[in-house]
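Below, subunit A partners subunit B and then partners subunit C, in two separate complexes.
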Partner chain A sequence: MAIIVNLDVMLAKRKMKSKDLAETIGITTANLSILKSGKAKAIRFSTLEAICKALDCQPSDILEYVKD
Partner chain B sequence: MKDNTNILTIITYVVIVSSISILLNDMREFDMEQYKSFLNWAKTADKSESWFTSKNAIKWSYYVISTAIFFWKGYLIYGFTYFVSILKEVEKGTYFSEKNIGYFKKIGRIFITYTINILVLRLILASIGSSSFSFFKESKEEFYILIPCGLAFYILAEIFKKAKQATEENDLTI
Partner chain C sequence: MKKIQLLRTLINILFFTLIAVFSIGFIFFILLFFFRDSLPAPLGMFSMLFNQPFGWKMYLVPTSTVVNYMLLILAMFYLRKSTTSFLKSDYYNERVTLNLKKAGNIFIFIGVSTIIIQLFTVLYIQNLAYNIVQMKTNFFIRLINTLAATIDLKSVLSIIIGLFFLLFSKIFENSRVLKQENDLTI
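Moving on, here comes the complex of A and B:
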């Protein structure tokens, strides 16, 4: 897939658990897992904004484009 | 929503039961005893006589075709039972399921198959001279109602297929 989700990396940098992030941004751990695994088809701006706010980062820190 | 589903389920059951009773009544009125007379004729018939032109053979063809029409009518009623299956899926909340898509396709196929077969059988009946069948007069009902209905169900199946894809995509939007 061309878009890579680096959520694991950011979580490790901020020393935050997936469960805590899910609670903070108001999504289920199952959905966060889908996002982390790259199975998600799309991400809402509101979710992205909430993640950036919780992890104090930029969207580019989470999403990365890689040529196939 | 659930109340509507329940009402529709009840109406569907009423339609199915009514259709079955109409079919059974038609079968009861149809003189099955005449098969026996044909069998007796078959045993004693003059074998030198041409089979196709004999009166009994024509009669026999008529009864066979009439039985086939009963079969296809039963097949149409079987198609109605899929409405109940669709309503059960709706009640479960799985509107755009693979099952529902399959049910819509099956109903469409049954409607179209029934219409085509009934028309072919009626044409054969007309050709053997045992029916006052007029193609343009009597095929109106089938062509104007059942064939478009069958097509509508195929179209619904396609719409549900697209809706299922959209739902899956929506579920994977975080």
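Moving on, here comes the complex of A and C:
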């Protein structure tokens, strides 16, 4: 897929665990895992907003476009 | 839910009745073929079926009827499988779309093949009749007569039902993709 999710990188930078982020933004760890692995088909603005708020970053820090 | 259960019950009744009738017919055919001499007189009369003076042409209609009958049993089997998933509220299953598609294709095949076989039969009988009577008719009148005798409502209904099943299959397929996307939206 052309859109890469760099959530792992941001989590490492903020030294935060996936489980803690999932609890903070109110989604299940299974859904966060789907998002991290790139299997997700779409992301809601509300989820993106919550992630950005929890990690104190911009959407561009999490999502990246790479040419196929 | 009650409607699905009713549908399932009706499909089950039809499916098992079709199988029972086919089995009885098959046993009768075997008896007729191998033991025609030892059968009682009223049943033995049916052995005339094997002594046709017109050759293979006379077997075309019965053979196609038997094949269509077997295909109808197969279509019922696929519909039965679909309703099993419906009963479990599992509508967005790949098997449901596949079974509906197969059932639809079978219904269309039954309708089209019945019309084609009927067309050949009508043409054959018309030719025989016109040759015997030495009748000269207008081409268009003959065409209308042929079409009227060929296309029956049951075959057209079978094609319509088949197309509906194909449409349902496509709708269920689209729904499955949409549900998958919805489930993978975080």
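We adopt the following convention: the second predicted complex is superposed on the first by the 68 of 68 C-alpha atoms of A that agree within 3 Å, B and C clash if a C-alpha of one lies under 4 Å from a C-alpha of the other, contacts with A are read in each partner's own complex, and residues count from 1 in each chain.
We adopt the following convention: contacts are C-beta pairs under 8 Å (C-beta built on N, C-alpha and C of every residue); 3 or more make two chains touch, one makes a residue touch a chain.
All values reported here derive from a predicted model rather than from experimental measurement.
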Contacts of A:34 with subunit B and subunit C, given as first, second, both or neither: both
First (subunit B), second (subunit C), both or neither touched by A:2: neither
First (subunit B), second (subunit C), both or neither touched by A:66: neither
A:42 touches, of subunit B and subunit C: first, second, both or neither? both
Set of subunit A residues, in rising order, touched by both subunit B and subunit C: 27, 31-32, 34-35, 39-44, 47
Of all residues in subunit C, those that touch subunit A in their complex: 180-181, 184-186
Subunit C-facing residues of subunit A, complex: 27, 31-32, 34-35, 39-44, 47
Interface residues, subunit B side, partner subunit A - complex: 169, 172-174
Touching residues (chain side subunit A, partner subunit B) in the complex: 27, 31-32, 34-35, 39-44, 47
